[in-house]
Amino acid sequence: GAGGVLGLLKARAQTPPWDEETFAPMKTLGAPLSEYGQRSPFEEGVVRYISPNLRTRHSGADFAPLEKLEGVITPNGLHFERHHGGVPQVDPAKYRLVIHGMVERPLVFTLEDLKRFPSVTRTYFIECAGNGQNGYRNPPDPNLTATRSRGLASNASWTGVPLALLLKEAGVKPGAKWLIPEGMDAAAYTRSLPLEKAMEDVLVAYAQNGEALRPEQGYPVRLVVPGWEGSIQVKWLRRILVTDLPAMAKDETSEYTDVMADGKVLAFTWVMDPESIITYPSGLQQIKPGFHEIRGLAWSGYGRVTKVEISFDEGKTWRQATLEPPVERYAFVRFKMPWHWDGKEVVLWSRAWDEKGNTQPTREEFFKKWGRNNRYHYNAIQAWRILPDGRVVNGDRPLGQQAFGPVGGCDGEVFDG
Amino acid sequence: GAGGVLGLLKARAQTPPWDEETFAPMKTLGAPLSEYGQRSPFEEGVVRYISPNLRTRHSGADFAPLEKLEGVITPNGLHFERHHGGVPQVDPAKYRLVIHGMVERPLVFTLEDLKRFPSVTRTYFIECAGNGQNGYRNPPDPNLTATRSRGLASNASWTGVPLALLLKEAGVKPGAKWLIPEGMDAAAYTRSLPLEKAMEDVLVAYAQNGEALRPEQGYPVRLVVPGWEGSIQVKWLRRILVTDLPAMAKDETSEYTDVMADGKVLAFTWVMDPESIITYPSGLQQIKPGFHEIRGLAWSGYGRVTKVEISFDEGKTWRQATLEPPVERYAFVRFKMPWHWDGKEVVLWSRAWDEKGNTQPTREEFFKKWGRNNRYHYNAIQAWRILPDGRVVNGDRPLGQQAFGPVGGCDGEVFDG
Amino acid sequence: LALLGLAVGARYNLGTPISEELAAQYDLRPVVLPDGRGLPPGEGRVDEGERIYAEKCASCHGARGEGYPFNRLVAEPFPITPATEPAEFAIGNYWQYATTLYDYIRRAMPFGAEGTLTNEEVYHLVAFLLYMNGIIDAHEPINQKTLPQVKMPARELLQLDPETKRRFPWLTLP
Amino acid sequence: LALLGLAVGARYNLGTPISEELAAQYDLRPVVLPDGRGLPPGEGRVDEGERIYAEKCASCHGARGEGYPFNRLVAEPFPITPATEPAEFAIGNYWQYATTLYDYIRRAMPFGAEGTLTNEEVYHLVAFLLYMNGIIDAHEPINQKTLPQVKMPARELLQLDPETKRRFPWLTLP
């Protein structure tokens, strides 16, 4: 029996990774076949983070649990959410998309029509412009996690018809310059999108990681606008008005505009700046001395991530991490670095570089350019501090004495507070 | 009001794609944020196909609904299943992996230990050797779908530690040539795997498409053996015996051996031959005249798919389809071809070519080599016939007068009957 | 094989043409452009707006637009500075186009009962909110013609993102 | 920076060494190799196997191993031909190694109560099934020594897959 040997083992100083149960005989028959697989009940704790003050709200955002995920694909159930009037339930049989305005032939498409067009599947990140908002806090939040630092971003394989094909089908009239896509959510959400970008790479997407879009990501049809801020990638898309002026809609004027340090307010800051976040080891995790693989995610709205660097001395020196293939444009990239932790306190920084030569600023650099009361496009380096006992905490240093914080990119509802 | 206009429209001969509901005002607030997203209720019909005779069984297989999926990623809930004693429920905290036998240091790993090693994420298909079994039927099943033709294959982004690293850690002794991985299912499933393959590219995987493995795919840990038959990719992996002989286990002798036309029985036919399946248009779908994009999936256990060809004249002439990037080794590839259907009866064939120059045989060629009573490794070309009314049916032609059929690769339980 | 003869640039003949009349019917909440296109006939008065506001908006935005539980709608008619807390951003100090107000209220308010306001009611509410923010006088009528003329104080702060300017040299802000 | 000094080929020092004794304890259903390694002490007799079979196996595999509701276990002691239906494949005509029978029954049977047979019971069942398939005589004892010697008729059909032979030239079938 196991008793004797285990009794012996229990005497050892360091607890070995076995107990009676390790040697228990295997169980009998497991579950039979099932039509749609669910997660193990032991994984039920892997969920999106919803800020306690947003649990009952219909306009808000929640975060993908970045440090609990591997690779680059965000599982559909964990893709971050952001909406302005709740998630509508749309019957795909009744779904219609209308393209009208400055076109030769206003057209209405059924979902079946859209699927008959030539299709494209590509992996693209989508990031809320409000991602990183917790970085505005001073002093920095000691309980920050990778999720709460950068989890308003996700990455999926999107399938759809190039918007360019639909526009050609309708025949865009000379003089048209703008598209006003509209959602079928309660807010009838609209934004302005230059025709040029649409002709380049915008998708009218109906699938996400192989299956139909999830309701929170716009079922049955959404825009995917590679590299640009999430809020322009209109979900539950019901029509596109082709016109010659931008709408200057509420969410491109009163929201999603950027208050710079010099007092200017920038409109149409569409491209998402390079980002990286170390997901392991990261805030609120605990590690032991010895070997670890530092792991993280990087992306840039300017195209391909070319390099990710890690610093162990708060930016004095940098070492290049490995990027795991395939490294795709406008998509999450997984970076890794083998590392031996000697048990001494250390601060980890990471920064991404993209094909246009952009990289991430330090916090000081970021705030020199962007105002402290801005709400969007925070992409400063995130630091993690490993304490001697192995606990990992926010390693960002306070900036001066003044306390400030993110008061929300959700119309007065803070994302996370 | 809508009535007047719609009344007018109703008079038109062809029903337009709108009715009163198309113009109905939008609904009020939708659903609030949620911790783990679920599919739209309208997608509940997208499920794995379980053969009616397997619904109550604990040893069996079900099929990924290939023609209902886009891109190349199989969603985790829809990855095909195959198991020999049901799906065990494993507590990840109690999980242990033991490597023993011909090693310097027998080792036991916790799940946390495994995750600390350098990790690899790669997209690989997994295919049951019994995939395609419905192709053994004569006359061919007129109601065949793409799912029932080739749905015992799926494709996912797997994350894990290279088995080579764990073996180096244990120190393989000279003379060791084989590994016997064992599952913690009721059948304590085992197979024999040459050490050489393990040192090359086998993964001890713990994540699937970003999140923890699904129970049906081996939660918390399984082997992923790129390009090789699914049954060797042992799930719920509890130990690996390092030794100098193969076990000649039940499932590599009495099952998963191949009865050839010449009467020989082949053992260790591990590599999965090239495959392709047109998913649109495919069996039991219905199409209208006009433009269609022919879409399908291709893969090969020999590495990269280099080319997929489509024939509209039962193999007399072939045209090359487009492969959608990134085209990865040992992974599903999506192929596409623009096509205008003129409403006349036509038969579509597809065949994949791989980097080793292999391609798919016709049914005649296949049966010349493989016996008609074999159960595995069917990879003959699948034909779809478009009837003048647009219905798509199995386009395989009967072979002679003799009726025969797949009597099962599941120990007398047919996969699909 | 003629089956595959799809000329480059040719149409796919998918989708169904829809008449301008039907498209207008589908256009449930028309987009209002900064030049006033999309604005319906009708006119708004501050006093009437005050009445509707009290009934349909005050519960969420405060009796005088000071906010709570939801967004503050009223601010001094001076643009924000980098020191202004985002919670203070509101129509008077941050909104750059008066037309946005019409577009947004018709489109998305009142929260939970969107699409229930008449075009006329929206005009009244816009007039009232512009008045409360110190942008217009109590007697100024707000209509198709006047609304696009209303100058918002924060407009002077607004500039195009430099990267956007670089990529789309033709692009200017209305 | 010395932090990163991980020499190529060095060990990661992860995982915990486990003694051979503990590993054996973890080895709940030992692998039986074709040369007999993994077989326990003990011996099986056909008549005793017949008794256990009737009690624990017949309900699934038929009174005389003819199958139903689950697999047929008994066939003539001649190998299959390409004309044999897979449903007819069984121990006598398809199994190539007698040791597999011990390994599999101990490992996976009886279905739904796996791991409940004693080593001795498995020997009895193996003896009975080999006898029923016409492979051994009723009095032949089955043990560590005799079982690996038992020749299975179907072994002569078995060959290595040519692709496997090409990739692993050292590989031969036991």
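Here the chain labels run A, B, C and D in written order, and each chain numbers its own residues starting at 1.
The working rule: contacts are C-beta pairs under 8 Å (C-beta built on N, C-alpha and C of every residue); 3 or more make two chains touch, one makes a residue touch a chain.
Note that this is a predicted model, so its numbers are computed, not measured.
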| item | value |
| --- | --- |
| Gap in Å, rounded to a whole number, between the CA centres of chain D and chain B | 28 |
| Whole-Å gap separating chain C and chain D, where each centre is the average of the chain's CA atoms | 75 |
| Where chain D touches two or more other chains at once, by residue number | 12, 14, 16, 18, 26, 28-29, 111-112, 114-115 |
| Where chain A touches two or more other chains at once, by residue number | 16-18, 22, 26, 28-29, 58, 85, 96, 108-109, 113, 116-117, 186, 188, 290-291, 338 |
| Chain-level touch network, classified as line, ring, star, complete or other | other |
| Chain-chain contacts as defined at top | A-B, A-C, A-D, B-C, B-D |
| Partner chain B, residues of chain A touching it in the complex | 16-18, 21-22, 26-43, 46-48, 50, 54-58, 60-62, 68-79, 81, 83, 85-94, 96, 108-110, 113, 116-121, 157, 159, 184-186, 188, 206-207, 209-212, 214-216, 219-220, 290-293, 295, 324, 326, 328, 334, 336, 338 |
| In the complex, chain A residues that touch chain C | 58-59, 84-85, 96, 98-100, 105-109, 113, 116-117, 165-166, 168-170, 177, 180, 182, 186-190, 194, 196, 239, 241, 243, 245-250, 253-254, 257-271, 371-375, 407-409, 411-413 |
| Chain A - residues contacting chain D, complex | 2, 5, 9, 16-18, 22-23, 25-26, 28-29, 290-291, 312-313, 317, 319, 337-342, 346 |
| Complex interface listing, chain D residues touching chain B | 9, 11-12, 14-20, 23, 26-29, 31-35, 37, 67, 70-72, 80-87, 89, 91, 94-97, 99-100, 103-104, 107-108, 111-112, 114-115, 154, 157-164, 168, 170-171, 173-174 |
| For the chain D and chain A complex, residues of the former touching the latter | 1-6, 12-14, 16, 18, 21-22, 25-26, 28-29, 111-115 |
